[in-house]
Every structure is written in C-alpha cells, then in structure tokens.
Amino acid sequence: MNKTKPLAIIAGAGPGLGQAVARKLAQENYRVIGLRRSLPSAERISGVEFAQLDLQDNLATEQTLNTYISRYGPPEILVHNPAKLMIKPFLETTAEDFVMAWKSMVLSAVNVCQVVLPHMLQSGQGNIIISGATASLRGGKNFAAFASAKFALRGLAQSLAREYQQQGIHVAHVILDGIINTEASRSLHKLASERMMSPDDIAKIYWQLIQQPRSTWSHEVDVRPQQETF
Amino acid sequence: MNKTKPLAIIAGAGPGLGQAVARKLAQENYRVIGLRRSLPSAERISGVEFAQLDLQDNLATEQTLNTYISRYGPPEILVHNPAKLMIKPFLETTAEDFVMAWKSMVLSAVNVCQVVLPHMLQSGQGNIIISGATASLRGGKNFAAFASAKFALRGLAQSLAREYQQQGIHVAHVILDGIINTEASRSLHKLASERMMSPDDIAKIYWQLIQQPRSTWSHEVDVRPQQETF
Amino acid sequence: MNKTKPLAIIAGAGPGLGQAVARKLAQENYRVIGLRRSLPSAERISGVEFAQLDLQDNLATEQTLNTYISRYGPPEILVHNPAKLMIKPFLETTAEDFVMAWKSMVLSAVNVCQVVLPHMLQSGQGNIIISGATASLRGGKNFAAFASAKFALRGLAQSLAREYQQQGIHVAHVILDGIINTEASRSLHKLASERMMSPDDIAKIYWQLIQQPRSTWSHEVDVRPQQETF
Amino acid sequence: MNKTKPLAIIAGAGPGLGQAVARKLAQENYRVIGLRRSLPSAERISGVEFAQLDLQDNLATEQTLNTYISRYGPPEILVHNPAKLMIKPFLETTAEDFVMAWKSMVLSAVNVCQVVLPHMLQSGQGNIIISGATASLRGGKNFAAFASAKFALRGLAQSLAREYQQQGIHVAHVILDGIINTEASRSLHKLASERMMSPDDIAKIYWQLIQQPRSTWSHEVDVRPQQETF
C-alpha cells in the first residue's frame, strides 16, 4: 500500500464544486480520487485522479472504491456532491423523474457511504461532507422531485451523524443556500458573480469543517453569498 | 356517475390508522375507497370499499383510481398512510432496503397524487393529508432508510402545498410523534395504551384538518399522546 | 362558587382575534373573561365579561385573575393574544422598544400562566393556547424587536408544554402566518380579504385544539389563508 | 487614533468562553477589549484590555464602547457571550427571573450591537458572532426563562443578519450544543472532558466564521463534542 498521503474521495467531481473541492484537498496534500459519471476529456488537476463510475450502481461503486482503498489505504474524507436540479410542475414530473432525482442524489450517497464507512470506522476517524441546498429545508412550487430528494439526503446525513459520530466519524451537511458560480449556472441565471457562491470558497468551507477540533464538530452549516437576501 | 356522496381515497388502508380514517370518513358521509396491497380477508367497514392495489405501480394506480373516479366523481379527500418502519444499522441496510422504503412511502404518494390532483384542480378543491412521523423531522441511529424516506415525503408535501394551495387544494402534513396503538405495535412496544396514539383519535385530527376554514389552513401539525415526553 | 359553566380567560381581548375567540368560547358555553389594557367602550358580547388589566403587572394580574377564579372555579382555557407589531430599522429601535415588545408579548404570558397554571394543575386539566406569528420562526429586516419577542414566546410555550403536558395541561402554539383581517389591518395592508385570516376562523382553529383527544395533542400548528403564498 | 491593529470587542469576557475567544483574537493580531460585569482580579491576557461594564445599561455601554472606538477605530469583530443559565420549575421562576434572563442575554446584545453597528456599516464590514445554546432551538422542562431568552437572541441574530448582511456585516449565530468545559461546569456536571466543548476549540470555530469568504457566509452553525449524542 502506498499511504504517504491520506485518501480523499469526491463523489461527483464535475467541473464546478466537485473539482474545486478536489483541487483544495490536493493542495492540502491529500491523494484525491474524483468520481464522475463521464470522464473529463481534457481537465487535469495536479494530485487528482479521476475515475468513471455510476454511483447508483452499488456493485460498481464497491469494486471501484475498494480498488483505490486497497491501493492507498482507508479514506479520511468523503465529499458527496451529485445534484440533479429538476424544476418542473409536479404534474409534468414523471415517476421516472422522481426515481432519477432520488437515485442520483440519495442512492449515490448510500452506496458510497456503505463502502467508505467500514474503513473509516476501522481507523476510528473520517469526514463525510454532504452537499445540501436551499431545497433541503424548504419544498417549493415546481421543486417536488428535487426538494424531496434533498430532504431525503438531509435525513440520511442526520441519521449517519447520529449513528457514527461517537465512533469518530464527522458527518456534516452543508446547506448551499444560493447559486454556485459555474459556467452552467452563469448561462442559466445571469446573476452578478457577487450574488453567487464561488466553488473555491465552498471548498474552503468544507476544509474548515474537516479541520474542526473534536470537541466542536458542526453537523449542519448554511452558507450563502453576502449579497444574497434570505 | 353516482355522485350522491363525495369520494375519499385512503392510500394505505391497513387495520390501524388507515381503517380508522376510512371509518371516520364513512361516518361523515363520504364514499370511501380503501387501497391496500393485500385485501383484508374478513374486515368489513360500512361505507368503505376496499381495493387491492400496488401503489408503487403508477399504471395500476392510474387505472384503478380512474375507474373509481369515473364512477363516483372527483375525490374530495386523499389520505396517504403507507409507512414501512425499518430499524437497522446503516451498514446492514442494503441499497434495496433504501429503494423499498422510498418506494413504499414516497413513490406511492407521488403516484396517487398524480392521478388525484388533476381532478381536484378541475373541481377547484380537495384535501390531501400525508402521514408523517417523528423521523420526518429528525434522523436517528438505525433509522437511515426510514428517516430518509420520511424526510423525502415531507419535502414532497411542502412542495405540493406551495404549488397547489392557491388553486384550492389543502395539503397537510401530520407529524405523528409517537407510537400508533395497533395490534402490531402493542406486541412490539409493550407501551401502556395511554402512551400511544389511538387510530380513531388521529382520524379525528385528520377530520379537523379537512374542516378548517379557507382563511386558516394548516400545513403542518404535530400530534402526540398527552403522556408522552417530547 | 358559581361553577355551572367552565371558565375561559382571554388575555388580550381586543376587537380582532381576542374578541372572536371570546365569542366562540361563549357560544360553546364557557364563562369568558376578556382581559384588556383598556376597557371597550361600547362592545358587548353575550357571555363575555371584560376586565381592565395591565398583564405586565404581575401583582395586578394575580389579584384580578384570582378574584375571578375564586368566584367561578379553575380556568379550563387560557388564550394569549397580545401582539405589539413593531416594524423599524434596528438602529431606530430603542432599548425601550425592545423592553416594551418583550413585556407586552412575553412577560404578559409569564404573568398570566403563573396564576392560571396552579389551578389547572390542581384540576388535572387545562388548555393554554398561545398566538404566534410568521416572525415566531423567522427574523427579518426591521423586525428585530418583534421577532425577538415572538421567538421568546415560542421558547416559553415549548418549555411549558414539556413541563406540564404530562400533568394534563395542553399547551399549543399557533403560528398565525399571515395578516389577521381586522379594521386596523385592512387600513394598513389593503389586502383582499381572501388573503387575510378571519378572526372567527382562527377562533375555530383554537376550538379544534381544545377539542383534540388526549392521545393526539398538537403542540405547534401553522395556519394561513388559502390564497397566501408561503 | 491608534489603528495599527483592528479592534475586536468581546461582550462577556469571563474566564471560560469569553477569554478563550479574546486570547485567540489577540493571537490573530487584533486589539481586544474584553467587557465584563466585574473586573478579573488577577487574569492577564497579552493583547487583551479588560473593561468593567454593565451591558444592560445602554448609556454606559455607549460611553464605554465609544471611548475605545474613538481611540482604536471601528470594531471589526463583536462577539456576544453572556449566558445566565437558569434551571427552575416555571412556577418557581419569578417575573424578575424572566426579566433578568432576558436582559442579561438579549438586552445586552441589543445595546452592544446598537453602538457597534453604525461604525461597522460606515467601514462596510464587520463580524458579529452571537453565542447560542441547545435551548436556542428547543424549550424544555425547567428551562422556560433560559430557553425563552435564548430563542429571543436567535430571533435578534436572524433579524440583524437579514437587515445588515447585504451591507457587509456578517452576523453568525452559533448553537453551542453541549457543556462548555470550564471550572464552573466541571464541578457542576462531572462530565468527562471529552464530552464537553473546549473554550479554545469554540474560539477556533468563531475564527473560522470570521475567515469565511464573502461568497460563502454561514449564518447558523451548530457545534457539539464528538462524544456527544444528539
């Protein structure tokens, strides 16, 4: 095993938040595995290894992650990002849409936590950070599928925290209460950049959570841009 | 069409809460359809018609409900009860368990609301009451699958309320914060009956919600036994 | 003692909500005492006796209430309404404004509960209903004094519920999430009446709470007009 | 004016949390003023100047703080700590107890924020951190006065955040969900130290909040010991 650097796993390592967190953890001297549904063509981030994986497939998730864990040792950090925004009137949202939203955000978290947790428990430590949204706390018109899945993810995060915190695992749920500044959201929302959250800044918040002393662990933290009303 | 009595649909008409609500609504002069996964062998409730239906199957749900609706007119009331309690350490809860918990509690609600809502919207009125639990607000050790699904159901209920209340549909989410006094729970929990919620009393609360005037609709209501700490 | 009718006390019996609740309880055959800072000049409600009382004065509250209680027996119902709306930038809100808001909404509740509770406890039953507002759950710009006092009142209501529910006292906190349709609010807000809550409808909700069976008591209930976004 | 170091004000600079925060900010190169009801006899912390002040007295608060501000420039940080724990049955808690709890925790915050905010607004930046507790979110038996005041403080913090965040002021409310490890609490609770929060660790969390980038400000953060159930 090559354990010179501790292992960090980014579930959902797309070009916005996921890669910003990957970059930050690589800078902090972690060996970072970025999991994506489709491999980035050109992007390279020093210290980050990308892997193609359908996180909704529990067997594939198990095999892929265990390969890395046997190679690099138990993961110290897991960050879960996948978020499939879906904005539709409820009556136009199909049962399949609901299944898809739930699987992409909740089942993916279940699958990856199931593989990662036994290793974290064995080493008596670990950080699991789960990315929430405004809709984690508030359902809304046209948000039935998305809010329902984000609520579910929050219930999962709380349950994991209450089950594993005393065994040394820090589970944090972050309410990202705003729009993340990515290429996709810039073209969609046309917001001024100071009204959006910078992926690099979110990565700093996640790093703050990882660095919290054992006597003062946060479970739920909200973040939003200074310019944002709330 | 035989519309002398307005139609009420009970999704999840098992021998505890579901049948108590069915009985109450039949007494209040509704024509009640009680939907169950398996038909009761002996039980008969005056004014209640039971139907066998897998609510997770959206096509079957559509066909069955539309048969009743074309026969009896648009539903005025939908009550959603299915709750599959699942208490297991997260690491012993399989991906299939998570899917099962979510489908039984959330997908069933999605399916039945999708059929019922267009008819309610057309008549400009309707009541949808969704049964929550303590775990709708709080995840816990060994409750990952159950709490996650109950959180999801709450997010769905909020979204439906915010989408359809202004069109005349009253969507209420009831936090049942305690144990329901049924044969099954009596053998499981061995609680004194005054520390449990009577199904008939819950049915009265649901009836209160249905009777609320239009200027004072509740969306979320908690209930628990007087003897219960909380 | 003249105990033919059970006693109900309305703390804050002004011409909007308070008098609607007083009227409803009188119709339900309670002997109703309506407490007001200044006596109504002309208003008369059959079955309701008004008394002038500064609820912020604990000695006066004790004397006045004990006079009625010794005459009519222990109160079965206490409803607390006083709400001093205050909308001002924080930097224009004086320390005195904060004191005034807190005393009018919170100290008044403390004082009246301190007198009423021992009698309720002795008879092993009682209902305390406390009127909250949107600002009970959410602070806002220009609402520092009002929200702070409404939050405080909610903390008090929760504490009373958790301290006395098991001794037979039902303490309910109602989030009145909207504008109450009164003469004052009609001139202030110019809202269509269907976007406001009718005082008589709120009185019906309070009556629902009083009638809840012991196995299904609500502690917190929100209400808002059907036409309201939320 | 002597502005080589930015000014930080600690309202409630007692020997537990307050002085730990003072020490941390002094280390981070702030000029720290620690406000206390009674001056410490022996304690000295390098870089921290203590001042005796009754924060419930708005005139004294204004005079004292303005003296420091005219000397050292506008404050960049205000931390509010005063917490008067009061655990008593409601019926043994006097109106004076309620007033005292509210004044010590809420009025003190109002007073100090009223002096500090105009200066922060003028410089377009500032951090206000308010120390909450478990009772900020949950009333409880024997906690009526304490919870009511902590709820009020939370309502104030939310209102300030919503009023001033867009003008550059970061207002954060920290739920300290556990016992702080101080001499007083060690003798009171007899908890193992790993089940308490270290004041120095809380100071690190406050420092994390101060360092958050503008695009990702937290308003509410909970913290508790890793060993704590919640």
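Chains here go by letter, A, B, C and D, matching the order in which they are written, and residues are numbered from 1 within each.
The definition used in the following text is that a contact is a pair of C-beta atoms (placed from the backbone, for glycine too) under 8 Å apart; a residue touches a chain by one contact, two chains touch by 3 or more.
For clarity, every value in this text was computed on a predicted model and none was experimentally measured.
S.K.: Moving only from a chain to one it touches, give the least number of moves from chain B to chain D.
M.R.: Steps on the shortest route: 2.
S.K.: Between chain B and chain C, which partner chains are common?
M.R.: Under the touch definition, chain B and chain C have no mutual neighbours whatsoever.
S.K.: Give, as an integer number of Å, the spacing between the C-alpha centres of chain B and chain A.
M.R.: Once rounded, the distance between the two centres reads 32 Å.
S.K.: Quick one: chain A and chain C, Cα centre-to-centre, how many Å?
M.R.: That gives a centre separation of 45 Å.
S.K.: Mark out which residues of chain A touch at least two other chains, giving numbers and ranges.
M.R.: In chain A, 161-162 touch at least two other chains.
S.K.: Once you've mapped the touching chain pairs, tell me: line, ring, star, complete or other?
M.R.: ring
S.K.: Quick one: which chain pairs are touching?
M.R.: So, checking each combination of chains, I get A-B, A-D, B-C, C-D as the touching pairs.
S.K.: How about chain B: which of its residues touch chain A in the complex?
M.R.: Those in contact with chain A are residues 58, 89-91, 93, 95, 98-99, 102, 106-107, 110-111, 113-114, 117-118, 135, 138-144, 147-164.
S.K.: Please name which positions on chain A make contact with chain D in the complex.
M.R.: The touching residues are 161-162, 165-166, 168, 170, 181, 194, 196-198, 201-202, 204-205, 208, 211-230.
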